[in-house]
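Both complexes below contain chain A, partnered by chain B and then by chain C.
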Partner chain A sequence: MKLLKSISFILALPVLLILWWVAATLGGASFFVPTPADLGKTFIETWVGERMFTDVLPSVQRLVLGVLGAIVLGVLLGLLVGMNRTARAITEPVFEFFRALPPPVLIPVLMLLVGINDGMKIAVIISGAIWPVLLNTIEGVRAIDPVQNETSRSYGISGLARIRYQVLPSATPTIMAGIRQCLSIGLILMVISEMFASSSGLGFAIVQFQRSFAVPEMWSGIVVLGLIGVIMSFIFQWIERRVLRWYNGLKEVENAV
Partner chain B sequence: MSAITSTAPAEARQAKRRKSGSKFPNGFWGLIGIVTFLGIWELVPALGIVEAAYLPPASEVLMTLFADLALTAFWVAVGETMLAWFIGLAAAVLLALVLGLVIGMSSFLRRATNSTIEFLRPIPSVALIPLAVLLFGTKIESSLMLIIYACFWQVLIQVLYGVADVDNVAMQTARSYGFSQIQRIRDVIFPTMLPYLMTGIRLGAAVALILAITAELIIGAPGLGKEIQLAQSGGAIAGMYALIVATGLLGVAINLCMRIIEKRVLSWHASVRGENAA
Partner chain C sequence: MKKRWSTLLAGAAVLSLGLVGCGGGSLSGSTESEGSTSAAAEDGSLTKITVGILPIAPSVAVQQGIDAGTFEKHGLDVELSTSNAGAAMLPAVSTGELAIAVGNPLSVMTAADKGLDMKIVTGYSASKADGEDVNGVVVRKDSGIGGWEDLAGKTTSVNALRTQGDLTIMESAEMAGANPKDLKFSEMPFPDMEAQLDRGNVDAVWLPEPFLSRALGDKDNELLGYPNQEAIPGLPTMVTFTSGQFAEENPEVISKWKAAMAEVLPASDSDPDAARAMLPDFINMDAKVAEGLLMETWEAETPIEELAKLGDLAAKFEFLEKAPDMNNLIAK
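Take a look at the complex of A and B:
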């Protein structure tokens, strides 16, 4: 009974919205909004098959490479800068500027510097998505409890071992918050780098549909992007729960006391 | 006991030193960082590592930026971007605040909408670009649609967290003193929610600028992004870099303003008071 209730809570509103959509398009679909049945049919026709391999998978591959690159580079550079007070002070204004710079403006720059190819799109994703990871790593390292640092020092834990067992774990909650932002920026940049300069990929396909007024196909592309966003968010939440299990447990204990 | 008290002044001294940097103030190091960055930018094209046609030296870009500052067209573009930013952000905040309060105050609505919100939130706003083009073309409404969609979720989630954070005892006290619905919102929920709301607005402000520029760059809505695109396709490379630097400075200014506003509005709140005392 309890299970049934929570399932109905999860499903009730989406079902209502879809019913409303069906009812609203019943008297003949408008030009801009296809009927649910049309959209479903177009979705399968458009995306299941060849397009999956020519547009969707290459885009996703670029996204994954770009985001992984941004995370690895951001954490490494963040550790390097965050552990040195002077380096932090020197880089702060420059990094603040790059964080505040809206990442899409990097596309025309990288088009010039790298040229229009796959490398450019990955470079766009890395150069836009690295800032939240980098700045959060710096902040996470900076905010480490000084008692921990002093304990490490007095036990003679230094170098890689210190980073591995003390610095990284303490900074992980902050780094994960940065990675969450990095993912959504990465997805945005993947789409618009393809809209701006490309002859393949999801963003290109969607713009192509829109320009040829293939409205149901365009909507199906929007659905694909939405699904990618939702799947990414679920994967991230799953990883975050596992990585931060100790942290969430600690917080629960602290809150209970 | 005495050991603990004796370390206290040393710790305080250390904390002070940590805050202000070792020998020089942080501002001095920051300035060195900026100068070094500009120096590298100046040297890279001068040494021929990257062709100057693709990356003009910093001095040339900054000169172009200063020249831009005297032009009306530049300020018109800034104004257009800021107008879309402001209207979009304000509309998103208003919408999210009202809906967040309505949903957050009823546990039934909270449970019923949770799945839908969690599903709609990660959908990237740029997915709506083709729809915006189809509906509004290159008008400012295109920018607004993207900005409102993206900021709405940022603010809504924060408002929901904020309303959920309201202390039960305070709420029950208000109820037993016969507070009306409006009084309860104004005097109990609002103060608890305000820090969350400000966080949402601060995040939303940054996102709104990103989407305003994106819409202008991709769709061609009027503003700085469109000017960047025009400069790029027209081969005015130094002009393009100057506009990009201007966009970044605009972003820095927005971040700073938002932080100041947040501090002002929340000056009574423990998190801000604690910061000032330290």
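Take a look at the complex of A and C:
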């Protein structure tokens, strides 16, 4: 019953919006806005089948690799920098500089350096998605309660053990907030990276549909993007709930007091 | 749970905004085309029309026509609107925001193929049937690519896939005996192409002027050929087009436009130096580059035969579902 309730909560608004859309397109749809029935039909025709393997899955694979790369690199680099005051002072202006560069302008440069391949597209995703993770990790590590640090030191906990059992857990709530942002940036950059020197992929397919006036197909591609975003967010929340179980528990206790 | 709700809400809000935006666009568009109808009905005064152009060298002829007063002489007050992408111009024409636009005939055919009511009004510009052409395919000298058939299995860069570039190159390769399905294409902006060819990331690049001359200035590059001249000599590169609705409601605007273009385009074509001199101001082209630029042929008469060939070719390579019905595509 509880499950049923939560499912109906999730579906209520989309169903309402779709009904509204049906009503709005009843009087004959314009060329640029297909009816829901058309879109549904086109969606299945376009994406179920060959395109799933030539466009969607390779894109999703690049997205996953790019996002994972950004998370791993961001956390590692963030730990290194965050734990050292000098490193923080030295790197801060440099990070601000690179962070301000929009990844799309880097694409021609990356094309020259990396070549035209999946590596280039993944590099584009990493170059944009790493920032929230990296900066949040640095901030999370920097903001650890000094009492905790002192305690670790007095008990002689140092090196990897300290990172594993004290630094990382304390910084995780902040890092998770960074990762959440990094997911949506990754999705945007996945699309953008496929708009250059590409001949397959989800982003490429959508642009191609738009250019060839295949309007329902274009909308259906946008729906695919949205669905990927929703699925990613659900997966993230599932993981977050497990990783931060102790933290949420702690909050509840604090709030109860 | 609360977070999830707000995420969903935000997503839905963005989606509905997008939908509303689109619906609104087409609505206001149709009222605007009615507005120009009433303006056209007034006799004596000038009819104001908005014409869509691309920021490329051949578009300069329209500006010359405005400057010389040729459009006014034919009763038209032409205002130019520059779009960055050809694909963006067609929806604007379809909704009536642009009365007439100057664009690529293959896009017009693609739009008509998908069910947008588009009509070609006049010819505009064409590539050269012989001699040096306005676009060509460049390869590295040491690439071992000596003829069109050698492009099989190689990657050629074009600015946009499923347009005139890959169409004419595929046809050229097929005429030379290769299977056009073996050719690979990738998209890339023209300014990036020379560097990518140099790096070996692509095997061949399709370049228009002035990029073509610049790439050929490198002694390690060579010209493979002019695909337009192989596939369809004198291929129309641009035409002027309007929506079926506008053509039906404003026949007098269409006939004025035809008469004006018949004067404007030959004038520009007979004096390419005057056109070149305008390019630095018109599209911010470097004066030196503009000076030596090879201009396309400007021709107002609708090149029905070449357009039909283009349509057949596009249908053959499945860029279009079927070859366009030329009677329907050309405004009466």
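Keep this in mind: the second predicted complex is superposed on the first by the 244 of 257 C-alpha atoms of A that agree within 3 Å, B and C clash if a C-alpha of one lies under 4 Å from a C-alpha of the other, contacts with A are read in each partner's own complex, and residues count from 1 in each chain.
The rule is simple: a residue touches a chain if its C-beta (ideal position, glycine included) is under 8 Å from a C-beta of that chain, and two chains touch if they have at least 3 such contacts.
Just so it is clear, the structure is predicted and the values come from calculations on it, not from any experiment.
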Between chain B and chain C, more residues of chain A are touched by B
Based on the superposed arrangement, let me know which partner A:Met218 touches: chain B (first), chain C (second), both, or neither? first
| query | For A:Arg85, is the partner it touches chain B (first), chain C (second), both, or none of the two (neither)? | reply | first
Next item on the list: Check whether A:Phe32 is in contact with chain B, with chain C, with both or with neither, and answer first, second, both or neither.
Entry: both
- request: State whether A:Leu112 touches chain B only (first), chain C only (second), both chains, or neither.
  value: both
Would you sort A:Asn149 into first (chain B), second (chain C), both or neither based on which partner it touches? neither
Checklist entry - Looking at the overlay, what does A:Phe209 touch: chain B (first), chain C (second), both, or neither? => result first
Next on the checklist: One more residue to check, A:Pro14. First (chain B), second (chain C), both or neither?
Outcome noted: both
Considering only the touch criterion stated at the top, classify A:Ser233 as touching first (chain B), second (chain C), both, or neither. both
Chain A contact set shared between chain B and chain C covers 6, 9-10, 13-14, 17, 32, 108, 111-112, 195-196, 210, 213, 215, 226, 229-230, 233
In the complex, chain C touches chain A at residues 1, 3-5, 7-9, 11-12, 15-16, 19, 22-23, 25-26, 85, 87, 90-91, 94, 107, 110-111, 113-116, 157, 160-162, 184-189, 192, 195-196, 199, 201-202, 319
As the complex stands, chain A meets chain C at residues 6, 9-10, 13-14, 17, 20-21, 24, 30-33, 108, 111-112, 115-116, 195-199, 204, 208, 210-215, 226, 229-230, 233, 237
Counting only contacts in the complex, chain B reaches chain A at residues 14, 18, 21-22, 26, 29-34, 36-37, 50, 54-55, 111-116, 119, 121-131, 133-135, 206, 209-210, 212-214, 217-218, 225, 228-229, 232, 237, 240-241, 244, 247-252, 254-255
Contacts from chain A onto chain B in the complex sit at residues 6, 9-14, 17, 32, 85-86, 89-94, 96-105, 107-109, 111-113, 146, 184, 187-188, 191-192, 195-196, 203, 206-207, 209-210, 213, 215, 218-219, 221-222, 225-226, 229-230, 232-233
